[in-house]
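Chains here go by letter, A, B and C, matching the order in which they are written, and residues are numbered from 1 within each.
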Amino acid sequence: MENIFLKPGKWQKSNLKFKLARSRNYLFVPVIFLTFMLIFFVSSCTKEKSFPEKIRLGYLQSDIHQLPAFVALEQGFFKSEGLNVEVAGVFPSGPEEMSAFASGDLDVGYVGISPFITARANGKIQAVAVAQCNAEGSALVVAKKEPVSSVPDLKGKTVAIPGHATVQDILLRRLFLNNKIDLKQVNIIVLKPPEMIGALQTGQIDAFLAWEPYPSKAVGGQIGRVLTRSGQIWPGHPCCVLVVQEKLLKERPQVVDALVRAHSKAIKFIREKPEEAIKIGQKYTGMDEEIIQNALSNVKYDYFPDSVAAEEYVNLIKNLGYISVQNEKQFAQDMFYLKFVEQIKQN
Amino acid sequence: MLELRHVSKEFILQKGGLLDVLNDISLTVEDGELVCILGPSGCGKTTLLRLVAGLDFPTRGEITVSGKKVTRPGVDRGLIFQDYALFPWRTVWGNLEFGLEVRGVPKKQRSALIRHYLNLFGLEEFTRAYPKELSGGMQQRVALARTVINEPRILLMDEPFAALDAQTRNDLQAFLIKIWQQTKKTILFVTHNVDEAVFLGSRIIVMTKRPGRIGIIRKIEISHPRDRTSKELILIRRELLIFLSSQRDKNGE
Amino acid sequence: MGKSKNIWSILACVIIFGFWHFFSLLYGNNKLPSPVSVYKGLIEIAVIGLPPGNILWGHLFASLYRVLVGFFVASAIAIPLGLLMGFIEWVRALLNPIVETLRPIPPLAWVPLAILWMGIGNPSAIFIIGLGTFFPVLLNTISGVENTPETLVETAYTLGAKQSDVVVKVIFPGAFPAIFTGLRIGLDIGWMTLVAAEFTGIRSGYGLGYMIMVARDLQRADQIMAGMVVIGLLGYIFDFTWRQLEKRVLQWR
């Protein structure tokens, strides 16, 4: 092949085409064509009940909201749906999981609705939510010795959240908004949930807002007390969702269908057999039975999303200046794909 | 008066064993004498100088200056290296000032002294220059001035002109004689250059090859300025060269 | 010479921006934001802030403060320690194993311990940045001391210097160029560790590293890169200033 790269003077489009066509190595065009055909053929061959390709799953570290994921893995619900699910990443916070989504390292993930909205709105991911995981399930915890009895007492205090644009971030800001507290009067810092309890104990922070079971653990360890539950801040607020790559949905909708089914089975299992679910929760978080039990009482598992509340989320996040979307209503509609959960609901 | 009594020096080698460098050297240098130590390379003449300077210690024997035993470096013995060893971060002025500074001479006195010596050594126009801006000859002049300003009794010079070109060397030799005559210092001058030794020395001590001993001592009573091409000097040169080449022959065996 | 050099650097910039823009078109603005959107993101940080309300200057000064304090504290310990280690044999023998063990540990690995010892906030971040600065300064100081010509030390002694004079007036200025280089590298590495230091536990909500982390949380690749550009530019400005300073302070070289 002629080395066209060594002739910078002749870098013109027509010239390049001309050279390529005339290059002696014209064999490579059909070879590439054939390769594409082969890949296409192979991928279209597997439209069956069993899906041997690995589905790469991500979830958050020790987040009891995502118990359905743990249950589906432990009880083999994914497997019984013919799925080959592999845990490809466990993340300390939602935004990090979304970064892994953006780079294409995950096919499907359990993640907070808020990081999902942010990542989608800012164009980082091409993914949709196909089911909800839970509503509520976070709590604002203050240090036990802290003389804070109401939300306005938090003025001048340091409050930790797991990350910007996390569900907890949005909840905290909504809480302050509801109580007419200027955000500048509170020092909001970012800490990973596993570090929060230690920071609370040593007095480095005065309060934290985190997902269960961390609030229950802080309470159980006599370190903090719950100032307010997220259900009190915003009753029935959506929390974690099941997110899949749009590409996966487009190319292999059956796989997504199976995922949603396994997911709904897991939620049903949690409702019907709470003791067994607690044991699985213990295994995945490494915490006591009592803590998990307390934590679960704070979480509402439901696979069907609340689209009105979801739209409110989009509004809140937009008002914080994290995202800029033109039409919130349209955006909130487009970010869900609910065909599969609707089917399950009807049955 | 500088006295060396039965001075020997051995070095312990890293791979084991001892290296005999100097062997039983006894020497007396009178005040105001200019003694040249001449010898083949590796004969320990630099070591001898370092012992006198107090930078190293003899294995046996002792060295005294005016009856006082040498145990460490002192301002009474000024040392001048072949590579000038000027402090590159100090100007000419600063280099001259160093010794006065560390000896605690008051600032006012320092300035007067430095000006005097800059003048004496012809360095006035380089006062603010850094060493790297000077030629080798000028640098050695500065090094000499820096030592002399400290008013040592003895000047120890370790092949000070070896790195200079012939013309500059000749100039500096003449200059050294001038300084010597003006200040009446005792000078111990190490060199491997016979011409230099003969031109400068009131006494020349030729050393043997290692382990270095005193081979011959030759007094030269010709007054300065000497004529390098005079018959007497040529004869002395020949005498010394014969001895030195005999040392080389022994080496060859 | 200087002019053609400038032309080349401008050309290089144009080419780099061109490639950047080209690849941005190729991979999509969300994965690799184009120079224009990075610029827009930067303006957004300067005007609106990231997170909204915390504007660029706050981040800039918070980071500047941490880097400079970390740098000065680390240097204030590393330089005297390096002088001692370079100068006194037993101090080096004692500390060298510790230094050589701690040196290869990336500063990032200290983050959890730093938070445990010093809590969340500036002390931890400064500690991490200081660690990054400390070792290059220390090692350069030691090697600077080692590379100070021995003849300078010996000359100083023969000129009447005491041990303390030698350290302050010979070893330190002799090692100074190396120390200066060490400081420059240390400052560079301080900037490099900044992001890591600010990723965990920043209390004030300000700092360039913190800003980048927020941009990551908000999935704003353009603002992540804007943060990188700011850090890069700051590093460049510091390096440039340092070199100018070096030219002036070390003009004797």
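What we mean here is this: contacts are C-beta pairs under 8 Å (C-beta built on N, C-alpha and C of every residue); 3 or more make two chains touch, one makes a residue touch a chain.
Worth saying up front: this structure is predicted, and the values here are computed from it rather than measured.
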item: Taking each chain's C-alpha mean as its centre, the one farthest from subunit C; value: B
item: Centrality ranking, top chain (CA atoms only); value: C
item: Distance between the centres, which are taken as Cα means, of subunit C and subunit B, whole angstrom; value: 48
item: Whole-Å gap between the CA centroids of subunit A and subunit C; value: 36
item: Subunit A and subunit B: spacing of chain centres that average the CA atoms, whole Å; value: 83
item: Subunit B: positions in contact with at least two other chains; value: none
item: Complex contacts: residues of subunit A adjacent to subunit C; value: 93, 95-96, 98-99, 102, 115, 118-119, 122-125, 158, 163-166, 183-184, 187-191, 195, 199, 202, 204-205, 320-323
item: Residue ranges of subunit C touching subunit B (in the complex, touch as defined); value: 149, 151-152, 154-162, 165, 169-170, 173-174, 176, 251-253
item: Of all residues in subunit C, those that touch subunit A in their complex; value: 29-31, 48, 51-53, 115, 119-121, 200-205, 210, 213-214, 216-221
item: For the subunit B and subunit C complex, residues of the former touching the latter; value: 53-55, 72-75, 77-79, 81, 83, 85, 87-90, 98-99, 101-103, 130-132, 146-147, 150
